[in-house]
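In the two assemblies presented below, subunit A is common to both, partnered first by subunit B and then by subunit C.
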Partner chain A sequence: MLKLFEREQLNLAKLPAEQTAIEVRDLNLWFGDKHVLHNITMRIPRHRITALIGQSGCGKSTLISCFNRMNDLIDNSLTEGEIIIDGRNINHKKENLSTLRSNVGMVFQRPNPFPMSIYDNVCYGLRLQGIKQRRLLDDAVEQALIKAVLWDEVKDRLFETATTLSGGQQQRLVIARALALKPSILLLDEPTSALDPLTTLTIEELMADLKKHCTIVIVTHNMQQAARVSDYTAFLHQGELVEYSDSDTLFTLPHKKQTEDYITGRYG
Partner chain B sequence: MRQLALNTHISGRFNIELENLRNSVMAMGGEVEQQLVDTLKAIATNHPGLAEKVILNDLKVNSMESQIDEECLRIIAKRHPTASDLRLIMIISKAITDIERMGDEIERIAKLVTKQKLPADVAIKASMLSIGQQAAAMMRGTFDAFARLDEDAALEVYDQDNSIDSEYKRLLNYTAGEMAHSGEPMEDWLEILWALRSLERIGDRCKNICEYIVSITRGRDVRHMPLENLQQKLDDLSDS
Partner chain C sequence: MAKRSLRQLLNNRQQQSYVISLGAFCASILVVSLACVLFLITLRGLDYFWPRPVQSISFINAPGQQDQVYAQIDERHINSGGNQTTPSAWVFRYSNQAFPYGRQLLLHSNKVTLVAPAPEAADILLNDGTRVFSEPVAMTLPGGRSATLSQFDQIKREVSDIRAQIEAVRANRLASVHRELASYDLRQVADDAPARLRLYEEFNRWQREVTLLEAKLADYQLVTRFNDGSEFDIPLDDIARLSYPGQLDLWGKLALVAAGVGDFLTDAPKQANTAGGVFPALFGTVLMIFVMTILVTPFGVLAAVYLNEYAQDNHLTSVIRICVSNMAGVPSIVYGVFGLGFFVYLVGGNIDELFFADALPAPTMGTPGVFWASLTMAILTLPVVIVATEEGLRRVPAGLKSGSYALGATKFETIWYTILPMASPGIMTGVILAIARAAGEVAPLMLVGAVKFAPNLPFDGEFPYLHLDRQFMHLGVLIYDGAFHSQTDVRGASLMFASCLLLLLVVFVLNVLAVILRRRLRKRYLRGY
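Moving on, here comes the complex of A and B:
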């Protein structure tokens, strides 16, 4: 029978390794006595946008922070289980965190440009890696700003201080700063909650473009945003992964009642 | 009339989804239009094979309706459309029901050929084909108006149903007269009457879609209004 609309529905439980960007196996995390993540097991597909949704305190930001070991910075945190990226368990004690965080970039809720020029912001990570040749830096800055759809707006004022940019531009600059390191995974923790609705749509459109270059995992309180931007969505509740499927299914026909209650605003 | 720009959203993917949705309605309309053309040809040439093909092809039309409806649901759930986008999607969801029903009416007419129940009376058959041609023209005009969301074209097509209705009434009276002194079984006559009714209903379904087009362009529900009032109402809106 004729198919009018094409849909991709990967089998997330049996995702082959070459299509998996992040594989989480039996992940548990404690902050002191508090058990925050409970036996999370999931495979995040490569070159797709995966959204993590759930109530405040459900563990979605904690989970995304596990993917580049940002939780290591929190005292009394204890992680068990494996997170496989590029065939390596990043929870291994010998993992090089600097390399990991170059490969797995992260952008936070509030744009946090450094108090320096736009140019210096974008090549900050590259300079930390020891790259000094001007030509290489110029190219990297241009490419990163083009990918972040900011180049046309700032190409004539690259050496002005980044704090003069608008909120939406600052957030795209921060994304460009992460992209300059050519990450294979980009983690976005509430990237648009401090932005107005139209700027939010611009950033969302940017995400759709960026997935050609990298895998994106986004945490959002905004269910509508998760529905709009993501290919796959995971719903977490009190540290447990309740449902994880393609977003079309999750937002039209969720399998679990708990998910249905949450996305329809019946959450008790 | 306000022009509807489907491809001006910040989200390029939303633009594509709306465009695909509209194209799929056009594809469904084109399919049903071809079904009617084939059915009329099957009647004219008494070709049961062609009529059989029409009956089988109705499954494809049904599947298209389900898929488009599902896509409307998906877009509403994922994109939360508002204003003209929301109206367009809701109207598409209604319009495909009418298009699918047109498919069912055509299937019923095609069964007249496969069951070999075509009217023996040459005048009835000729009038049936004449109404069929008018319904096909109306259908073509409706889908053209829908493709361009052209309100003027929709109003023009809307008017054509009067001619189908009067031809239908005339043919109904004539057929009733023939039935009275015919020796053919009553159930055969009923099949013919149902087929005539189906042709007439296609015109009504086209009218519904024309009303939907005006609903999209004006943002006003103009159903259940006679044509004179409809035109007058639209004229008032244009003046204000």
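Moving on, here comes the complex of A and C:
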């Protein structure tokens, strides 16, 4: 409980704009006829780790995918409401998805390195932006890999195929790949569920480290993990935001019955 | 009821072992039949190159007329019927005064009176593909000199040097004079202009030199004797190879086989495709396949990418998919007719009208040619490439696509940088199948550009070097042609088998290349997936 006193507490309901990374207003989402997200309204604070927890199918992955509009790739998805990042509503029709997605990085459940060298993997996003100068790329790769705490392990084999790395290394490589674009927000969709406990620990340490550089939103099934790493936690149930507060409060003194039931394992 | 009783009869293990035996039986039948095909073709194909001994044969040609000749026996038909009175038959090729360049004969064995080995007789292969079987005696040289046979190699070299001189004069001197004269004609220089007269003089000078050399060459003769004692002179310049098959040991025979294979691969067909080599057909086949691959791969890949990544999943798309699959089942001759009607006459005809109008009515593109043949084959193999590419595209993990999108890639960038490299082994599978299918097709090619004999290769030193509008020779067409006109010519039939063997090898080599490429792509892109 030492943690509690170290932290300044932000009032989530009245978070000022300069401390808000993502503001969600009345977000509704349908997949075909299925109403997946119901009137979500929340503010995600800047340079903090926010965890989304809830049962499978409650819409937390869908919600996190809204932040970089990955749901657009799914046929018959329909989004309503506003998501404001850097003062712009990203749900606007004219939003440039390439710019948005390089500003809002995303890491998936299973490590998905591209079938190319480690170096090329990290460069992928930069090259898409048209950066070709070797020097710039070299610097960016080194910086990103250092930030992802992978540099020391791979600096001698940058040009080997990325698929030869271990699972945990692959996941850190994927994080480095996103970091190379210097995103202000990093979305992690169950980043450790395919990894063993020890590797999970390295990724968690990495997250605490990355807080300096960007806002992190993480979806997790593991409540200990949410309690361990996150500053704020949102509990979703059947597409509705049930409770959203700082993690210590949510996990120790939940206001809602549903939250208490879930975190004490009575259902879900 | 029967099913139940069978189940009762056999326990699980027995059933399993029966199923396995049946499967193994089917697989072994397959392997055996494949081996038989390969064995037969290899045997008959290699038979074409194996030197046959020259024999001395006496036979009754007409009542009361006995002929004694040197001959190579091609085949002996043993009559296996129950009718003992029908004698067996001989097929052989012989040379004598009446038919010095060989004649093939089929005779009943009772007319053949004597067969004896004739090691002294030579098998003389001439430049035009014919053979003379006779006994070399001596050589006559220019100026009434003569030489013994032991000097044959040295004299032959002398002759080739003179021949090379003639060709050099033709290529370096006469050709340039001809070109210049043609340009004068174009510029309408007067017939008695001094420049023209000087050229005429130069032309005459070189022409005289060629005539002199030719006359000298004609004096080099090989004097040979037929079996009946009559003499026959062969210009040394005409002789391609002289061998004594009756005196050769195994190594000599193998060397002769190697020389024969070399000629077969590098020479043009001679004697209406019954002798000589198949180089133009080999070249045409490989060229056609290459051009087809270059045409079909991007087209098929684009179509597959559209169907798999861009097209909406609706009825129209499934109808298109079904159509593509059915296209693979359309008889190939239909594609040939389509190619002739659409590409050659319609497209080619219009190109002629638009771009080559001054050459009309002689067609430039509106005639069958190697490009139209490749295009027709590309259409024919398109479904194979599309289906295999789609298969490859479908196997790309969805996680990689979202990974690429999440880094800000557009759909096109994702396809270009991530999906296509991952699908490249699948694309190669399609290309392999397309090559295998295209190399074996003959019927459509005969309509759109493949001919029995094409004097010019589609490739030469003249700009633009690759002449895709020309007609070409194809191994398959050569085989088809050989199968029809060589009912009596046994050597021609062997040549057909040798061509079959070569066609198999070509397909095999191209496939192996593609498989190696695919393996490298797999190693590069699919390791760890």
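Convention: the second predicted complex is superposed on the first by the 262 of 268 C-alpha atoms of A that agree within 3 Å, B and C clash if a C-alpha of one lies under 4 Å from a C-alpha of the other, contacts with A are read in each partner's own complex, and residues count from 1 in each chain.
Please note the rule applied: contacts are C-beta pairs under 8 Å (C-beta built on N, C-alpha and C of every residue); 3 or more make two chains touch, one makes a residue touch a chain.
Small disclaimer: the values here were computed from a predicted structure and weren't measured.
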item: Contacts of A:Met70 with subunit B and subunit C, given as first, second, both or neither; value: second
item: Touching partner for A:Met42 - first (subunit B), second (subunit C), both, neither; value: neither
item: Contacts of A:Thr99 with subunit B and subunit C, given as first, second, both or neither; value: second
item: Touched partner set for A:Thr252, first subunit B, second subunit C, both or neither; value: first
item: Which superposed partner A:Ala227 touches (first subunit B, second subunit C, both, neither); value: first
item: Touching partner for A:Glu204 - first (subunit B), second (subunit C), both, neither; value: first
item: Which superposed partner A:Leu137 touches (first subunit B, second subunit C, both, neither); value: neither
item: Superposition-derived comparison: subunit B or subunit C, residues of subunit A touched; value: C
item: Footprint overlap on subunit A, where subunit B in one structure and subunit C in the other make contact; value: none
item: For the subunit A and subunit B complex, residues of the former touching the latter; value: 1-5, 198, 201-202, 204-205, 208, 224, 227-228, 247-248, 251-252
item: Partner subunit A, residues of subunit C touching it in the complex; value: 313, 397, 399-410, 413, 417-418, 421-422, 524-529
item: In the complex, subunit B residues that touch subunit A; value: 9-13, 20, 24, 27, 59-60, 63-64, 67-68, 71, 73-74, 77-80
item: Subunit A residues touching subunit C - in the complex, by the definition given at the top; value: 68, 70, 73, 75, 97-102, 105-106, 108, 110, 112-116, 124-125, 128-129, 161, 163-164, 174, 177-178, 181
